[in-house]
Amino acid sequence: MVDELMMDRMHEECGVFGIWGHPEAAQLTYYGLYALQHRGQESAGIASIDEMTMHNHRGMGLVTEVFGGDRLKDLRGHAAVGHVRYSTTGDSRLANAQPLVFSYHQGNMALAHNGNLVNAMTIRDRLERQGSIFQSTSDTEVVAHLIARGGYPSVIENVRDSMAMIKGGYAFVILVDDALIAMRDPQGLRPMALGRLGDAYVVASETCAFDTVGATFLRDVEPGEMIMITSEGLHTERFADASRKALCTFEYIYFARPDSDIDGYNVHMVRKHLGKILAREAPIEADVVIGVPDSSISAAIGYAEESRIPYEIGLIKNKYSGRTFIQPSQELRNLGVRLKLSAVRKIVDQKRVVMVDDSLVRGTTSARLVTLLREAGATEVHVRISSPPVKHSCFYGIDTSAREELIAAQKSVDEIRDFIGADSLSFMTEDAMLTAFGVERGKPHGFCNACFTGLYPTEVYQTNKRALERQVKV
Amino acid sequence: MVDELMMDRMHEECGVFGIWGHPEAAQLTYYGLYALQHRGQESAGIASIDEMTMHNHRGMGLVTEVFGGDRLKDLRGHAAVGHVRYSTTGDSRLANAQPLVFSYHQGNMALAHNGNLVNAMTIRDRLERQGSIFQSTSDTEVVAHLIARGGYPSVIENVRDSMAMIKGGYAFVILVDDALIAMRDPQGLRPMALGRLGDAYVVASETCAFDTVGATFLRDVEPGEMIMITSEGLHTERFADASRKALCTFEYIYFARPDSDIDGYNVHMVRKHLGKILAREAPIEADVVIGVPDSSISAAIGYAEESRIPYEIGLIKNKYSGRTFIQPSQELRNLGVRLKLSAVRKIVDQKRVVMVDDSLVRGTTSARLVTLLREAGATEVHVRISSPPVKHSCFYGIDTSAREELIAAQKSVDEIRDFIGADSLSFMTEDAMLTAFGVERGKPHGFCNACFTGLYPTEVYQTNKRALERQVKV
Amino acid sequence: MVDELMMDRMHEECGVFGIWGHPEAAQLTYYGLYALQHRGQESAGIASIDEMTMHNHRGMGLVTEVFGGDRLKDLRGHAAVGHVRYSTTGDSRLANAQPLVFSYHQGNMALAHNGNLVNAMTIRDRLERQGSIFQSTSDTEVVAHLIARGGYPSVIENVRDSMAMIKGGYAFVILVDDALIAMRDPQGLRPMALGRLGDAYVVASETCAFDTVGATFLRDVEPGEMIMITSEGLHTERFADASRKALCTFEYIYFARPDSDIDGYNVHMVRKHLGKILAREAPIEADVVIGVPDSSISAAIGYAEESRIPYEIGLIKNKYSGRTFIQPSQELRNLGVRLKLSAVRKIVDQKRVVMVDDSLVRGTTSARLVTLLREAGATEVHVRISSPPVKHSCFYGIDTSAREELIAAQKSVDEIRDFIGADSLSFMTEDAMLTAFGVERGKPHGFCNACFTGLYPTEVYQTNKRALERQVKV
Amino acid sequence: MVDELMMDRMHEECGVFGIWGHPEAAQLTYYGLYALQHRGQESAGIASIDEMTMHNHRGMGLVTEVFGGDRLKDLRGHAAVGHVRYSTTGDSRLANAQPLVFSYHQGNMALAHNGNLVNAMTIRDRLERQGSIFQSTSDTEVVAHLIARGGYPSVIENVRDSMAMIKGGYAFVILVDDALIAMRDPQGLRPMALGRLGDAYVVASETCAFDTVGATFLRDVEPGEMIMITSEGLHTERFADASRKALCTFEYIYFARPDSDIDGYNVHMVRKHLGKILAREAPIEADVVIGVPDSSISAAIGYAEESRIPYEIGLIKNKYSGRTFIQPSQELRNLGVRLKLSAVRKIVDQKRVVMVDDSLVRGTTSARLVTLLREAGATEVHVRISSPPVKHSCFYGIDTSAREELIAAQKSVDEIRDFIGADSLSFMTEDAMLTAFGVERGKPHGFCNACFTGLYPTEVYQTNKRALERQVKV
């Protein structure tokens, strides 16, 4: 049941962190990954460089589990990169854990990657024909081969050249013997920020990692920018022309931590703003506004503020959910969502409830929550979703369900309302959502809304498309 | 640092759960304990009874960790009791895990206990002189010996007689071969509720466990009440005369889950009400009200509602805090509170902030949070505590710090304000706090506020007092 | 299959070790237990005493598994006792691990016990009627209660008095705040030796533990002797009159390590001598003598020496047998004994083979080994057992199978020979066996051969008998 | 100390196993690896092929540890390869675990390798210059790249072509989508055998694996032979011309299991024969012959038989040595070798002892054993080594110590005798050793004795030499 709840969410696939120029590089990376843990809980890894020797450790599980005991002590050196990963299960799970560490003709390299390349399979096919071997299914390994086969005399040229060949959404942090390199895709689909900690530079998927390690935010890495940090200092260049920016809106809606700022917007503030817009777009007469913990609380507070209906804590989440949870026996299946979420009867009993959720993927969780609230005495349950209906798969690093499992790709809003058993259901429109970022209706903007609109900001390769469809069915 | 944060909280010592008359008794107990996990994370255990054979399993760790694999399958039977425990570290940790399971002349017994007996040491001394051996330091073992030495022909008589000898705050759930027995101390210091699940009866420290297993709340167990459930049904009696009730207010302030109802009051509602009262008692001109997650959010919302200063999510807690967290090296000690909590800069920057916290024990966490908020740009930080100053140790099952570590036992409010670096600091008065329960100022009431007032509702034995003082220093 | 092989052996139930007067008492106990590991692999534990504070740690598994990490560092003090245990599976396995550590009116006590008390259940019943509670099924807990209820002002008096009440085979090592006490039962059924390591005294089930820790053997503890070691030195006394000694012969035949000396006889030498006697008692014309590893090698060498048939290594045991071995699927069941033992084809092919084994319990292993040897080309397989047929259960600490599973209790030698498929089969007679110890045929001797003869050296209580029969069936 | 004992041995680096055509391929591979566990205890892995899908699992530890729980169930399919590895510690240990599984333009491949390539670094350098990346330090990855870059249309052509490029000692088992391929180096330095199990074919480093899974030995794989097994049957060819065969003699002396037959000789029989020859070459007047367990027992029996001095079990090895053994504190360092081996005092006291050992590497263990025997009362200790002095590093897959740590490379036999404190010391000569295989003195033979003679049967590359020297110092 709990697993089912998790399947009814979109999943970020990774978080990355890098630091150059600090004697405790690996320990700071550990804390940075700890702050980014929400971006991936399946595996974690850190690589550090110490006088031309690369150390690394990777494992399955949370950062705190993978780096127990004295693991960090072996990761000596003044620079490190780290990675957390959400991955689908399979034979080669550990093989897919990152950073990918390898040696090649120019020395050692550690690659940490958040995102997805849309032409990875095409390139991989060609690389295989040229004699490359692949020990994982991760597209990060494709990039490693590209760099190694670059043929240029300098690392930076080979990296730059490889970036010219790949398409998709990505944030890369690369550690080599004498430099830390950070890159963000030309559309800026995936976020990455640059910070400073004393004399050291840090990069991370989200700024919350800077706050945790005590670093100062300098600026976001630009779309198409490559930043190289060496003992000489920071060098920056663009490896791709400025194209239309297309930052993933789901970072704001669901993935990122509320205290992170991405490309100038604070995540919590955006969510709250979305809640306010939703209250204007889809008002309803009710007694209480509640949010689905944890990610929808901000939007619910916004909805309440705007609607002047009191905000309340109507659903409580069990803080101790573990991955090893024993599933209910067949006889106890009806316990359902209760194991993870509880309704506060005193709040909802005899009340007309607005339940704000940030997104709706399969609809099964919403259905269970509506039932839960009714059993706790709610006389009406009005569901408000602070994002548009998810109708299309993502090819840039987000694990949506397969299209046939996206309820909004199959049913109308009325049908979904009936499916989840709500008294009313409203989604946000794309235009309204964009106003949270100050974008006027119908005007060009810098966001990727492909999962809502099907308008992908890059070419989407057919082979890749089929492969993804296949993969997500597993 | 994280550990230090934990030390700066009061700790509930246990949660109990029992069920009689269900074919999946152990699995339901597992879910019940999972819902009560916040009451104790150090050890967990379940005992079940199956045709005169008692099965049990106990271990160190979270419920989900202790009961991995097929552990539950061995716990057959139609009745079970469970226990979660917060315990201080030490040699005999596992020996102290509950339920305490033993055999004696009347058969098998499993004892699960939340609370603390103030005369345990006195009784233990006498029992030892009479030839009893003790394999743990838990006072639960004292009760086991009392029952076994009762000398009456029936279990219930021996239990009743033993209850007459012990003093303190407690909720007991006892499983014997043919009955489940639940008892609450005469003052009702520790909570316990009774529920129904189909034909089965359930008892639990908090009603949130009922919601999780799908049971219906029937009523609270009365102070001094002993409930015995057998295949014949439910029998109830009083084993102690009605004395002045004295339910622990800290259950509402900090320990219990917001969705639980205790003795007629919903925990979240009480907290919110406390926030409102605090806003009236200690108003301040400010731009934003924030709460310290998770337990102070309700009070912060109340404070905001009453003061009409906007409520905001100004502090974010890392959801993945684990007990195996690698502590920062000496060089990184300044990371401090950041590893667990982050300030949302966009919320607090250039703002006058009211930070609502539910309690203040040592003051070290508050000091760090004030610094964190100032570093994030807050121009003023006003700390509001939704409970009175904690000045006295608890003898009824709560792990307060030793008196010398309770800052309010040593310093005035002004001195504490200076210590934590706040612009202003206000606590709630005991009288005001009681109005949240509808108690008029100065009128008799049914709550234990001994940790604030030093007025203990039972005799407090000197040996016990010294022992506790010694224990908590460890 | 491997499990089945293990079931076809008799099992020692425990090993004990104690040391007084050494700053590294716990670490030496660890090494001592490591040397005694063959006496019990299910659980291990150590208790130490440090200035009136008792430390202890117990766990399931091998000594090296239970005491990983820094476990030993917590076990401070100048004295310690340790225990390894073979135990039958069950709910309360960890509860049965030793040493049993408890506090009572005279302070702390840790009890480590090898053996079995025949009147434990009778005493336990009475203790329960007097109000004792039992948290395990081990008879060690019975002794703890007896001591605690002794009523004498000194520890030693209470221990002495308790010994007077128990009957059976046992070796006890007891650690109290100011003394280490070692006792051996009046018949000397279970072994125990006394040694010296610098200024420290050590006691152990077998002398091999002395060699491992570098201690010098002083003498065996006498049957009915109680040795008390304090800071004042060693005090000895008899707590029981000299009765006929009855040391367990199976200690020599199978349990003890070949390098141990017990009551004046070296184990390996006895085994080899048994092999020689067997060659005289049951000669056969053959080409090669082989032993079943590991315990029968000594006897096989003796048989070969006496018979002048060449000794060879005809069976090889896999050194890496683990308890977590994955059992063969139904399809692969025929792999049988091969997973643990292999025949050396070059040795046995086209040969008439004498296979010497130390004992025969159920016969299933022997049957498989005969088949294995035939498949490897042996033309004849003659099985020689260097002990008499096992026909009776043991009540003194050995886990024999239940009587109905002892093949020699059900079948004649000829029938057993047919069952195992050997060309010939011979057991040793009791009289002949005793000659290995210099006992003339028919003369009184100091050994317990009850499992062969049914003549128990102590009273065997009916309740106990029934209980054991029941237990071993599980 | 125990670690030190292990360092004073040469180490086999790997064992391989493969099976084609059995529905329980992975489980049989598990048992096969279990039988080969003595060839490597650091990591284990299995890959299986199931309808074009390759499954695999690898981990650090013993076979029984790596494949706990349901791991084998995921390894579906009718064919599998497995690997056990002894590896030096380091950052990337798991990355070096085998089989190496990868995909390339011709499908999936799993490579399991025992041995060492002398020109791996040279080829790796060139491959890196051509753009290959390396995720491990194992030379197996070099072969994977060679195969993938072969450029031929068929797998077999690419494998054959790759074999033509590598030099050294190796046994490869390769699993691809539709075939199992087994290869042995042109000199036959490392062993490999072919067997049959019903309709299935099996290959393994040693025949003991066949006995364990119930397979029948067909023949040894020939030096320079490539065997390909498909659904069509078995195809064989030579990928290298017949050169002088050079099987590693240390396989017989120490590595292989006594019950294995390699290239026509049974390991135990060779060892025993070596013991006999040694008795003739280096006789001594003594009372008892003992062997160092486990590997020297066979030679000791041979020495005893030939010399007519009685063979005895004078040293006992602790069966429960674990890798997690807690090392003695500084104060207890003198416990030394006692933790692993014990002398049987009754055997050696007042005796002139011949201690037969199979090899002598650093001499530290021998020194400790001589002391141990003298402390147990031996009046004379004569050390007899059943192999010549080890003076040179191995480049074919054996982890000798670095040359400067090989005592025989630094000292004369007399100096070594003094170092180990023996009354006399004799090694076997190379010529005498070869007579055990029927080779006449001075005649050409098919064995590699490079570690004794420095005469390497293949070219030894300088870069490789330096690298190995460096590596072994770590």
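Each chain carries a letter (A, B, C and D) given by its place in the written order, and its residues are counted from 1.
Following the convention adopted for this analysis, contacts are C-beta pairs under 8 Å (C-beta built on N, C-alpha and C of every residue); 3 or more make two chains touch, one makes a residue touch a chain.
Bear in mind that the values here come from a model prediction, so they are computed numbers and not experimental data.
Engineer: Tell me, which chains sit next to both subunit A and subunit B?
Structural biologist: Chains that touch both subunit A and subunit B, as defined above, do not exist here.
Engineer: Could you run down the chains that neighbour subunit A and subunit D together?
Structural biologist: none
Engineer: Find the chain most remote from subunit C, comparing centres computed as mean CA coordinates.
Structural biologist: The chain farthest from subunit C, judged by C-alpha centres, is A.
Engineer: Round to the nearest whole Å and give the separation of the Cα centres of subunit C and subunit D.
Structural biologist: Comparing mean C-alpha positions, subunit D is 36 Å from subunit C.
Engineer: Averaging only over C-alpha atoms, locate the centres of subunit B and subunit D and give their separation in whole Å.
Structural biologist: Centre-to-centre distance between subunit B and subunit D: 60 Å.
Engineer: State, to the nearest whole Å, the distance from the C-alpha centre of subunit B to the C-alpha centre of subunit C.
Structural biologist: A distance of 48 Å separates the two centres.
Engineer: So which bits of subunit A are touching at least two other chains?
Structural biologist: none
Engineer: What pairs of chains are touching here?
Structural biologist: Contacting pairs: A-B, A-D, B-C, C-D.
Engineer: Of all residues in subunit B, which touch subunit C in the complex?
Structural biologist: 54-57, 74, 91-92, 94-95, 100-105, 109, 128-129, 131-135, 144-145, 148-151
Engineer: Note which residues of subunit B are touching subunit A in the complex, please.
Structural biologist: Residue list for subunit B touching subunit A: 23-24, 27-28, 30-31, 34-35, 37-38, 41, 62-65, 67-68, 72, 208, 211-214, 257-259, 261, 266, 268-269, 294, 297-298, 301, 305, 310-313, 316, 318-320, 322, 324-326, 328-329, 331-332, 334-335, 338-339, 342-347.
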